[in-house]
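The two complexes that follow have chain A in common; it is paired with chain B in the first and with chain C in the second.
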Partner chain A sequence: MFRHNLAYELKEVLRVKEFVLWLMLFPIILGTLFKVAFGSIYTKELFDTIPVAVVTASENAVAEEFLKGMAEEENPFLAPEFTDEENAKQLLFDGKVEGILTVGESMELTVSRTGIVPTMLQELVSRYKLYETVIRDTLAKDPAALQTVLAKLSAEVNACRDVSPSAENPDVYVQYFYNLIAMVAICGNMTGLHVSTNNQANQSQLGARKNCSATPKGIYLTAGLLGSCIAQSVSMVLCVTFLRFVLRVNFGGNLLLLYLAAILSGCLGVAFGFFIGSIGKMRHEGKSAIAITISMVLCFLSGLMMGNIKGILATKAPWVNRFNPVAVISDSFYCLNMYSDYRRFISKIVTITIYIAVFTVLGVLFTRRKKYASI
Partner chain B sequence: MQVFKAFLRVLKSKFGSAVIYIVLFFLVGLLMTKNGSDESVWEKSKMDLVIEDLDDTPESRALTEYISKGNRIVPAFADEDDLTDALYYTTVDYAVTIPKGFAERLASGETEGIFECRNIHVSYAATNMQMQLEKFVNTVAAYQALGQTTQEASQAALAALSDEAEVTLLQKDTGEKKGENSELLTFFRYMPYILLSVIMNTLCPAMVAMNRKDFRYRTNCSGIRPQSYTLQIFGASALYVGAIWAVFVMAGGVINSTMYSGRLWLAVANALLFALFSAVLAIFVSEFSPGDNIVNILTQVSTLGMCFLCGVFIDQSLLGSGVLSAAKFLPAYWYVRVIRMLSGDIPFEASEVAVALGIEAGFVAVFVLLAILVRRARYTSAVSRRVMA
Partner chain C sequence: MKPTVVKIDNLVKRYGELVALDHFSLEIKEGEIFGLLGPNGSGKTTTINCLLSLLSFDKGEIEVFGREMTPTSYDIKREIGVIMQNVAVLDELSVRENIDYFCGLYIADKEKRKACVEDAIKFVGLEDFVNFRPKKLSGGLLRRLNIACGIAHKPKLIILDEPTVAVDPQSRNRILEGIQELNREGATVIYTSHYMEEVEQICTRIAIMDKGRKIAEGTKDELKGMIRNTESVSIEILELPEDVREKIAHLPHVYETDYDGTKLTVRCSGGRHNLIRILAVLQEAELGFGRVYSELPTLNDVFLEITGTALRDSKE
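Coming up: the complex of A and B.
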């Protein structure tokens, strides 16, 4: 009896056109667009040699030596282009250089915008001014020590001991893919909604027939949920496989655990839809609109549209990230990438499992006693 | 006006989800626009730092004072994982721990790995912070070489390092100060997403309902002329879209108390054109009579795809040239381009703004024609086929 129901449930899910479109085509289309858009953005945000225009107003051997030193390091800080003032301004306005260094008696900086790169150039000029200050102090106190002082001032030191957390893939844009998988998972609510609709006599003809049949409600409900979870799991596996092996997105972490998290997340989506579908007597279309709107709001809060929103919420309202099921799903992928131990990943998986249990139990409670006679 | 009234009644029933989107966007708009800043005067870029001073000596305090200057100090996290998250999401740019024994090691000239540093992205901010830390160590060492004690050298270094270079901010004369209206323009920049989402999610189902066979057949056998029917539908859609647009424009007024002035009216016109585009796209899609879920797919794919490709969510300057070339075939690219010109990100050229607005208007016209074409092909031919049969 159960197997018969399960088989028909699977057939039914596959015949729902939206299921195939939403859950299989959606990540393929959006994932490809994401890959095209974000493919190389992260590398642009990493530190790279800063191009500057250098205008020589009057000879200053010290300044020129200083700039050459900055340009000839192993990983040079500057890429100077010596030119005249007019051309320098043109280069600045065209965005080909980040600033103009005017070398005369002292060094002056001209930039066209504010931001971290111009601030770094300011630090550079301040460093040159520091040389002037220290030399002045040295000449006033102990001119004989000038060489030693200058050597100390320009010595290469490695003062920073790097104790940074190790991320397998530090690319912050990979979180958009985490959120895409989370969105596909939560959109599994559509199949969950169908389970609920197809089991209520006042929602669909199929529900009416099922309610009249001799099959116990527990059996066709369990078969429906299991069938939806299986179908959703297939779509989650396809989604992860496409992103990982076709688009070659580096998720970081153990891939098998990523699949596990994705499958559980899909079940969470199904349970969520089942829960929404079980509430009240609203028509299927209305419930579907509610489920999609809630899902999109949750996706937004998880960072699907604004990548930094999760970070902002972590400081302003951390409880949102803790309770938002979509954020929990994307966090589980993030934890696999960021943390070599599985402590946080396990806590996220436990949270997802609790959500599945809570939504399913609530759904069952709401559909309880909804017999033909009582609707 | 029967069709007009009926259409508005159907729209009203679909408005619930739109309200959620509008309220959410307004709240997020408020949140985002607080980050806007005046870029017409030079201001050092502030970094978000976590500084943990375990040494608590005059030397470590001098260092803390130096690196705190001009930056935002974030309180230390009780949980190491929270710090990792903050570094990943860049709510913290860099974390420095000054370990116990820092002053002693500085005094003995032992500078290798004197700080514990944490960062995840090898960003400009992280590199800058590392440079500042090493600059402090070098300066202290230089003053020590002058015979000063470590404590005196730290103070001398602090004084010497406080002398910051002046910066001249040179901007092309565009008549508009860069960043002057950044708050409002940030609000406008994100508007394509919400306009498309709200309008497609509400207008499409309403149009699909109007295109339902029973409704269409009743209308066809009534005395209403097809032209009048189409005009009433377009009129009601225009009224609805106009109302949505007006709500957002007024919301912009709430965000920026000085209201709209000068070139900012171009941003308002730009938003109107995009709202119209959203409406005609919705009408075009609904001519294929998709189900609610298909509408959702198309809405999400078109809004998210267009917004990511065209630089709504991610700055156009970060997108690759290939992506931008493809984006030129989408109206959101031209929308964002106008906003970037108004905000001073790229030079303002009146002719280029006109071209961008013209292209957006062109997209509107093309989709109006496509919608009419599809309508005629689908519905007129269906009627003809039945008549022939």
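Coming up: the complex of A and C.
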């Protein structure tokens, strides 16, 4: 009887249009949109050498040495083109250079627009001016101290090094894809909710019919939950596979663990829906609205709609991130990708498992009753 | 004497202050088509839900097949088929899959189940729709599917809770004939309805319910025998002098006359040739009249006389 119930549960769930749309097609569409939107932003944000025109108004050995240094590194910051003022303006006008550096007694910057690159150039020129002043003052007051001053300036520059905790992908925009997977997982509440509604006599005629049958409640309830978890796992695997192999989102090397985390997260969604469905006598539509609202709020708090919300919460209310199941799911993917050791990942997986257990046990406690006071 | 299939003793069910079942007792014998007749809200569905152990109750005892009925009486439930008031099927499964699914809640053996499913499809006449989803079926066909899901496992006791609500006359007749056929095949049937014609047509014994109480029980003839009215004569007449009406009122067996300006209704208790005697009075007074018809009492008259309210007029 268990297999009979499980087979039909799977048949039914996988044919529900809402399930196919929201848990299988929607993530694919949203993931593609994320890729189009954030993929290009990320590419643009990658550092490219900045082309600049350099106009020498008067000899300045320090400035020239500085610019030479900026152009000679392995990944040069600047690509200077030494030219006259008129040609420099034309290059700027044509968009072939991002700015004009006029080297005279000091260094001046001319740009034609605002944005990240002009701001970077502005910062570079300000820094140069500061260092130049320090060096000139040192030369004038205590030339012997020049080496020490240069060393200190160099040390200041090297104080902030880009350190990756693992060899994996530190791309911040992958976070959106983690949140997308977490959203698909928590939306598994749809199927969990159906299991709860369809098996309780005071919730649906279908539940009443099943309660009258010769099959014990535990059997069709367990089959329903297992069937929903299997169907949800299919949608999780589909989602991760699409993001990883079609959109080529870099989730790091631990793909098997990623799939495991995704499947467990899907089960959390099902358990969450089952729990919501088991509380009170409200109609299915009402409970569904509650489950969707809670899910969307949790998704928002984990950064699906606003990337920096998690950071804000981390400083203002860190307990929200710790207890928000969607944030926990998303963090589990992040930990898997970012950290070489599995300590944090295991901790997140344990939290997810606890959530599944708590929601399922509470749901079973609420739905296990055999007789109802009213139907 | 045939064995008792269902025994309900002194059942009390309260919803807060409202008493839904007030010391309700019932005994149904094997092979009966037992009708529970009453207006909406009279307690029919509550009785069925208590009988099926879906609802808790405050007092009383329920036995089915001679054993106490509890939520875990799976051996008893295996012998019961339930057709709910509202259609309860799975929207995403086809007609055949639905019947197979519900049948599978009673029968584990695949081969046996397959035969039962085919029988049920044939029985309700859904052979041409086996691959249809419920949403593609008309109201009547959907009701038939609902019935097939409830009877596919060939239960000994079939409970039908208002199965013909919102069903077209053709499907209704088919359903009623089907119930009688199931009964002929050996099933005991409990049929609840507020349509007295249906109950009168198929039930071998009837209990009339009102406000959670059983107000009468018996065969339809026994029930009709409980009331004074044995015949109602109606005559369309535009002019009826008071002395003529008085003369009719004093005829033997006439106990009530009612004239509304266009129609005279004469209620008689017992006796024969009442109609001829009434018409003779009108002819003697040389009064012209239109259509004349005589009606035997219905279950509605029984309900009316016992409760003072017509069954059809009772509040929903």
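In this section, the second predicted complex is superposed on the first by the 246 of 375 C-alpha atoms of A that agree within 3 Å, B and C clash if a C-alpha of one lies under 4 Å from a C-alpha of the other, contacts with A are read in each partner's own complex, and residues count from 1 in each chain.
Heads up, the rule we're going with is that a contact is a pair of C-beta atoms (placed from the backbone, for glycine too) under 8 Å apart; a residue touches a chain by one contact, two chains touch by 3 or more.
Note that this is a predicted model, so its numbers are computed, not measured.
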item: First (chain B), second (chain C), both or neither touched by A:68; value: neither
item: Touched partner set for A:322, first chain B, second chain C, both or neither; value: neither
item: Partner chain in contact with A:209 - chain B first, chain C second, else both or neither; value: second
item: Partner chain in contact with A:96 - chain B first, chain C second, else both or neither; value: neither
item: Contacts of A:283 with chain B and chain C, given as first, second, both or neither; value: neither
item: Chain B versus chain C as contact partner of A:314, first or second or both or neither; value: first
item: Which of chain B and chain C A:141 touches, first, second, both or neither; value: first
item: Most chain A residues touched (candidates chain B, chain C); value: B
item: Complex interface listing, chain C residues touching chain A; value: 15, 49, 52-56, 70-72, 74-75, 77-78, 80, 82, 84-90, 92-93, 97, 101-102, 104-106, 108, 149-150
item: Residue numbers on chain A that touch chain C, as the complex places them; value: 1, 4-5, 8, 11-13, 15-16, 201, 204-206, 208-216, 220, 370-375
item: Residues of chain A that touch chain B when the two form their complex; value: 17-18, 21-22, 25-26, 29-30, 33-34, 36-41, 44-47, 89, 92-93, 100, 107-120, 122-123, 125-130, 133-134, 137-138, 141-142, 145, 148-150, 152-155, 157-165, 167, 170, 172, 176, 190, 285, 288-290, 292-293, 296-297, 300, 304-312, 314-315, 334, 338-339, 344
item: Of all residues in chain B, those that touch chain A in their complex; value: 16-17, 20-21, 24, 28, 31-32, 37, 39, 42-45, 47, 80-82, 84-91, 97, 111-128, 130-135, 137-139, 141-147, 156, 160-161, 163-172, 178-179, 193, 197, 291-294, 296-297, 300-301, 304-305, 307-309, 313-314, 318-320, 322-323, 326, 347
